[in-house]
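To start, the structure under review is shown below, and the notes come after it.
Chain nomenclature is as follows: A, B, C, D and E, assigned in order of appearance, with residue numbering initiated at 1 for each chain independently.
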Amino acid sequence: MAVNLQQADASSVLEARRIHNQKLARQHDQTRATWFPLTVLGVLLALPLLQLTGNYNYLLHLVLFTASYAVMASGWNIIGGFAGYISLGHAVFFAIGGYFSGVLLARYGISSLLTAPLAGLAAAACGYLVGLITLKVRGPSFIISSIALLMIARILFDHWEFIGGANGLSLPVTDLPVQTAKLPYYYAFVLMAAFTVWATYRIKHSKFGLGLRALSKDEVKAESAGINTRFYKVLAFALSAFFVGMAGAVWGEYLTYLRPNIFLIILVSANLVLMCILGGKGTIAGPVVGAILIVAFNEIFVATLGASEINILATGFVMVLGLMFFPNGVIGTLARKGKLPRVLNWD
Amino acid sequence: MSDLLQVTNITAGYGDGPAILDGARLTVEPGKVHCIIGPNGAGKSTLLKAICGMLTIRKGDVIFKGERLNGLRPDQILRKGICFVPQERALFPKMTVRENLRMGGYVLNDAKLRDRRIDEILERFPVLRERADQHAGTMSGGQQQTLAMARTLIVKPDIVMLDEPSLGLAPKIVQEMFDIMKMMSQEGVTVLLVEQNAMMGLKNSDWGVVLDLGRTLFEGPAEAVLADPRIQELYLGGRKVA
Amino acid sequence: MTDILQILILGLALGGVIALMGSGLSLVFGVMRIVNLAHPSLIICGAYVSYWAFKLWGLDPIATLPIAALIMAAIGVLLYRLMFESQAKSARYSEMTVLLTFALAMIVEGFLGAAFTNTQRVTSPEYATDAFFIGSLFIPKGQLYAGCVSLAIIGALTLFLNYSRLGYAIRATTQNREAAELLGVNVNLISMIAFAIGIGLAGAAGSLVSFVFSFFPAKQWEWIAMLMSVVVLGGMGSVLGTVVAALLLSVIAAFVGTWVGATWSTMTFFLALFVILLIRPQGLFGEKPELA
Amino acid sequence: AETIRIGASLPITGGLSVSGEKHKRGYELCNKLINEAGGILGKQVELIVSDNRSDPATAINQYERFINVDKVDAVYGTFSSRLTFPVGNVLSKYNMVHPVPSGGALRIYAQGYKNLFYFQVNAAEYTGKDVIGLLKEIKDPADAPKTVAVVHADDFFANAIATGLLGQKVIDPANDKEIADLAPGYFKEAGIEVVMEEKWPEEGFNDWLNLANSIKRSGAEMIVGLTASAEEAVQLMRALKTVGASAKLVYLSQGAQTEFIEGVGNDAADGVVIHTTWHKDVPFKSTLAGKPFDNADFVKAFEAEYGVEPDEDSAIPFAVCQGIEQAMVGAGSTDNAKMGEWLHARTKEQPVQTVLGDFSWDDLGLPVEKSHIMTQWQDGKLTFVYPTGQFEGIVPFRYPKSGF
Amino acid sequence: MLEVKNLCKHYGGIRAVDGASFKVEKGSITALIGPNGAGKTTAFNCISRTVVPTSGEVWLDGERIDNLRPHKITAKGLSRTFQISRNLADMTVLENVIVQARCRGFADLFRPAVSAEERDKAMSILDFLGITRIAYEDGHNLSYGQKKLMDLAALLMADPKIILLDEPAGGVNPTLLEEIVGHIRALNAKGLTVLIVEHNMDLIMRLSHRVVVMAHGRVICDGTPDVVRRDPHVLEAYLGGVLEEEAA
């Protein structure tokens, strides 16, 4: 279909242009494999049946652990992935959630499984207030201010005698038998993870989510497009704090021990960031995939390398390799290359 | 071979994306002004980027003074004598105007020569002289464009490739710009420019090229391009297309 | 009165050391837009060089500073080639470096831990635990020397980056990589050199820190937050800002530590950061961002 | 099973790694010796050590893994109070015998866990008793320190010691229940005035010179430094030296390691007193694999294995391992309930014998009637100066300290 | 409709806008021209408040807007384009366009990002501008002209009352430009007010009802196109005798 201007007339050039454009146009697929997450959820809900055949507590523990991280990483993803504000201070909300429910449990005996949403709200309220201050700056300054937030919270919690100060607060242990002791927490985390993933999906595909993505790229442009960037990002921060706080609440009871230096360490936040980056920041499936991968790596390292500094070294290496070969995370990079399995495409 | 630069049917694209250019040709003769026109997104800027080494060429050759340039880095190509001013003004926003000019002469090893030429330029463009110590990023659109253009005058290469030099310039300055280009070509610098201000561009050129669909559709003397009714209709806004 | 003066002196002395550690970080960010989270761990690397030189041959850590800097710069070249080169072209390079250097910090920590264990080390030249006594006041020698040497290094490097041809090329490459390339800069080589300078600087700081603080691989986590807040407070990328912020905060922290309680002294750094973010988001000497 | 499996999760990396690594050596050496002597109950012992990175969640995770996946027969405790606290909870849920090498805070034992056995001297809160005991050794009572400056890290263990010294209450914040009231405190009891009390944060503290300066200005005759790590002890001592502090006595809770003397220097370290549970020269008698195995044997074996002298951090886990071995043999099985019963049945006459001396426990799991060993740096060597009259090899207490 | 009173924006010693005052009548197409660095873009920035003016007032429909946040101003029906296109990377062109549709605070959490009507409308605008093929392309991977067109499309999406165009023709192919001009005229006929900065004199003369000329941060001339093109100051400072040449 060689068009030569010497011979062709204008309309044939226009026609050729249309065909050319069609050839170059990028296609868009919006179909979703809804059955996939539902199946996964079904399997997870049925998993505890294994307990009837023996003791699979450790397996349940691993799934529960992964689910808790999936909740937190997905929550983090709202501010870090969608809005592009990398926070290394989310451990604060983890702690607020944990302590909020923990104190209620210790003093009034109300299980955190019931108070978790309240704990989430408490975390969200704090997130909202903090966000008003720290979200004024972006980029590296924000990252650092979030670390500072963590440090401040740490010092305050360390001094707060009501909640045990630096020595911590221990919570009552469940009196359930070993076989079923984990189940309440298991279901709580699995359901919370399902809810969080669903919620982030809805958020991402709302006007709000679109606005967050816009302001993550260019705040000035987003403002002039009519987006109330300040409100959006502060709300995003609060929402993400909500999920992390909720996870913290249940985690605290599961751990039975609350202590600033369990909750308020940068490693907790760093893990969230790591999971999102590795899985794919700003994607829906990314944080979940990231959580699974990181927990799995951890297990493998502990099992094969055992105890040594090599462990940290290996984690660092995995991260570097991940970043080098999947600069947009597993999900993000595969999507860019058009190789993402449809079941994982929720973006 | 009298051609200074020859581009034969090249194929090129961004990353591993589709081929944006597929069959682009170009012949550049020394000392003349060449003007490339075409609709938005045709691949004009892509062609210039491919020539100067910013994109990998998948097929075809770029031959400069009988030497193949494929696979060289932009800084190497500059040292061979091809200078490129991209469309997104390639300035250093946090450096002052003077520092930007100094970077323009980075390849010159002779600092004295470089400083002399900078002085010449500041002489010629009073806007820049007034703002010699302002950060380039805070200048107005047109001022930035002026600076980007002026910077090429420091090296005095064999070929300058300009991507829409008139963009955002006030009419008075546009005229000056084309005058400078004429003068450059008289001094023996070959000019290759892309213009959407096509009338103005072609009027001030010797040779015209039409690029559309990622290919070269037409090449000829500028007057011939201007005169062609189909080209007028399709690219010059001459008549409203149905 | 002498009490106040003494606290002031001690605050400044500590501030000098923090400034020394932070200014490298700030310089690297200002010139290369790299937030080097591995800076503290690389400082520890440099400190190990001086430590072993001191332990094995009794060499003075200040004398071994150039060696530490060179060794670290060489490592920097290697790291750049292995980890950063392939990312340098990406538009998200700056963001990527935050993550890559975070990973690097872990690798360095793991490696040092495996090689030297997490036992704390410190070099003990005479002056490290000595002071100039002036009447009832004293000025700790170690801090004083470290501060002066680092001031000289940072000053020299700032001049170099602002006025030399190489410095121009480095800044240009950071601001607009494509443009620099089009103007004839071999951007890859330049990025590598810039990176090596940054890492070398950490090495140099390490030599000085080796006799002021005791260190071990995992110590980096304690430093990073403090250094970062100093850098942000001073204004990202402003070396002068970093130095001023470090001195100022350390003095305040010294007073807080003495009069309010030592547990609160570290809080000063982070609280100050928040206050600054409230009233002046760009930091003391930073450039105003768009859309205030 | 053909082998007996024992699991231990230790902080091999992270903030507590120095001690964690040494604990690992203690456990490993002990099990190696047991296996060479034919194992326990005729079975070889397989030790599984995991790194918990000083992180409580990981520690819990790993003990669950030991119990559920690795199906271990017994566990060894982990290092530090902050890890032991949550681990105690898990192990108690699974009814495992929990031998604690480190975790001296009283609150851990007030939780009501069964089968908790502490393998050190006493709860941290009671450490001060032996400090005062040492002060009684000063020849001229008129010369004894009359004022003291107590500085400590805001750390579980350091806080606990300080609580005892200063006579505060131990409260469970969960329900404001009083666990113990230590008033008036050892110093007040001994008539020593506390002229300064200060704590520094657990992490990120740098302002040592200022702290040292405050100590100096307080003019205290005795300095008590309760640190969270040996590193802090070095920092504190170097700062005291720099500011030219002068006190008659310096007592630290940590600083018995070689790194201490290397960082501080012989002169400044001279005369510094440190409490410990173990010292290489103390002639404790114990058994291993049914045969006599004294402290000196331990030191020799350790040096042969690792080429360095052991310290407290390896001796304690070694003792833990001995205790579990004796419990298995005593109970005749690896049934944890039976082992627990056997351990609880120990008395002063029929103790568990370890390289840390004899152990028998009260109901809470705290050892009965043991005292700390007070060591002192003298001419670059760590000697032991207290308790007097119990063992051979004791060196006279040097007082006052000759300056920095 | 839009009134700027004594607007000033100083950067240190540089007076980018220095006491400019002008009015844009409702329903008119007003052009703002002037030499490079005259302060046109800065004036735009002050009106839409992407920069904070040093002093002066901006009134929109009898309401003072120079102390509102930018998104509020947009909500009042004033939209703008940027001279140097600011597009959103990692978002498709379609999303880039739709993001301009109205924001409603909390309720946004529960509205779909891209509704069917919005998609259809956006696609028809893209189609008109001839850039449908890049609808799902990353907003960053566009040619210069395509970015300008995308900006324009976004503006048309928002249904504003007044639009501020900063050099919309720069880098756009003349043939396409003809169509855009026609479209703007049609919108104007339906009541849209337009303020346009452009260096393409031909376009300005054909399109605008009134022309405001700025130089050195001040308004030096204000009137119909015909008046302006004959003003000697304008000729000297800006046009450089181009028009006479064309006339000749």
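The definition used in the following text is that a residue touches a chain if its C-beta (ideal position, glycine included) is under 8 Å from a C-beta of that chain, and two chains touch if they have at least 3 such contacts.
These numbers were taken from a predicted model, which means no experiment stands behind them.
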Revision key, fill the gap. Greatest Cα-centre separation from chain A belongs to chain B
Exercise for review: Could you work out which chain's C-alpha centre is the most distant one from the centre of chain E?
Suggested key: D
**Study point:** Where chain A and chain D are represented by their mean Cα positions, the distance between them in whole Å
**Key:** 40
Check your understanding: In angstrom, rounded to a whole number, how far apart do the mean CA points of chain B and chain C lie?
Key -> 43
Revision key, fill the gap. In whole angstrom, the CA-centroid distance of chain B from chain D equals 76
**Study point:** Chain centre separation in whole Å, for chain D relative to chain C (CA means)
**Key:** 37
Review point. Taking each residue of chain C in turn, which ones touch at least two of the other chains?
Key: 110, 113, 118, 221, 225, 263, 266, 290-291
Exercise for review: Give me the residues of chain A that touch two or more other chains.
Suggested key: 24, 151, 155, 158, 220, 223, 308-309, 311-312
Point to revise | Numbers and ranges of chain B residues touching at least 2 other chains | key: 39, 233-234, 241
Review point. What part of chain D is in contact with chain C in the complex they form?
Key: 13-15, 17-18, 21, 151, 154, 198-201, 203-207, 209-211, 213-214, 217, 229-231, 234-235, 238, 241-244, 259, 262-263, 265, 268
Exercise for review: State the interface residues of chain A toward chain C in the complex, per the touch definition above.
Suggested key: 86, 133-134, 136-141, 143-145, 147-152, 155, 158-159, 219-220, 223, 266, 270, 273, 277, 308-317, 319-320, 323-324, 327
Study note, to complete from the structure: Contacts from chain C onto chain D in the complex sit at residues 3, 6-7, 10-11, 13-14, 18, 110, 113, 117-122, 124, 128-131, 133, 138, 140, 142-143, 213-214, 216, 218-219, 221-222, 225-226, 250, 253-254, 257-258, 261-263, 265-266
Check your understanding: Along chain D, where are the residues that touch chain A in the complex?
Key -> 10, 12-13, 17, 24, 49-51, 53, 55-57, 60-62, 64-65, 67-69, 82, 85-86, 89, 92-94, 105, 107, 111, 154-156, 159, 172-175, 201-204
Practice item. Quick one: which bits of chain C touch chain A in the complex? Just the residue numbers, please. Key: 29, 35, 83, 86-87, 90, 92, 94-96, 98-100, 102-114, 118, 217, 221, 224-225, 228-229, 231-232, 236, 263-264, 266-267, 269-271, 273-274, 277-278, 281-283, 289-291
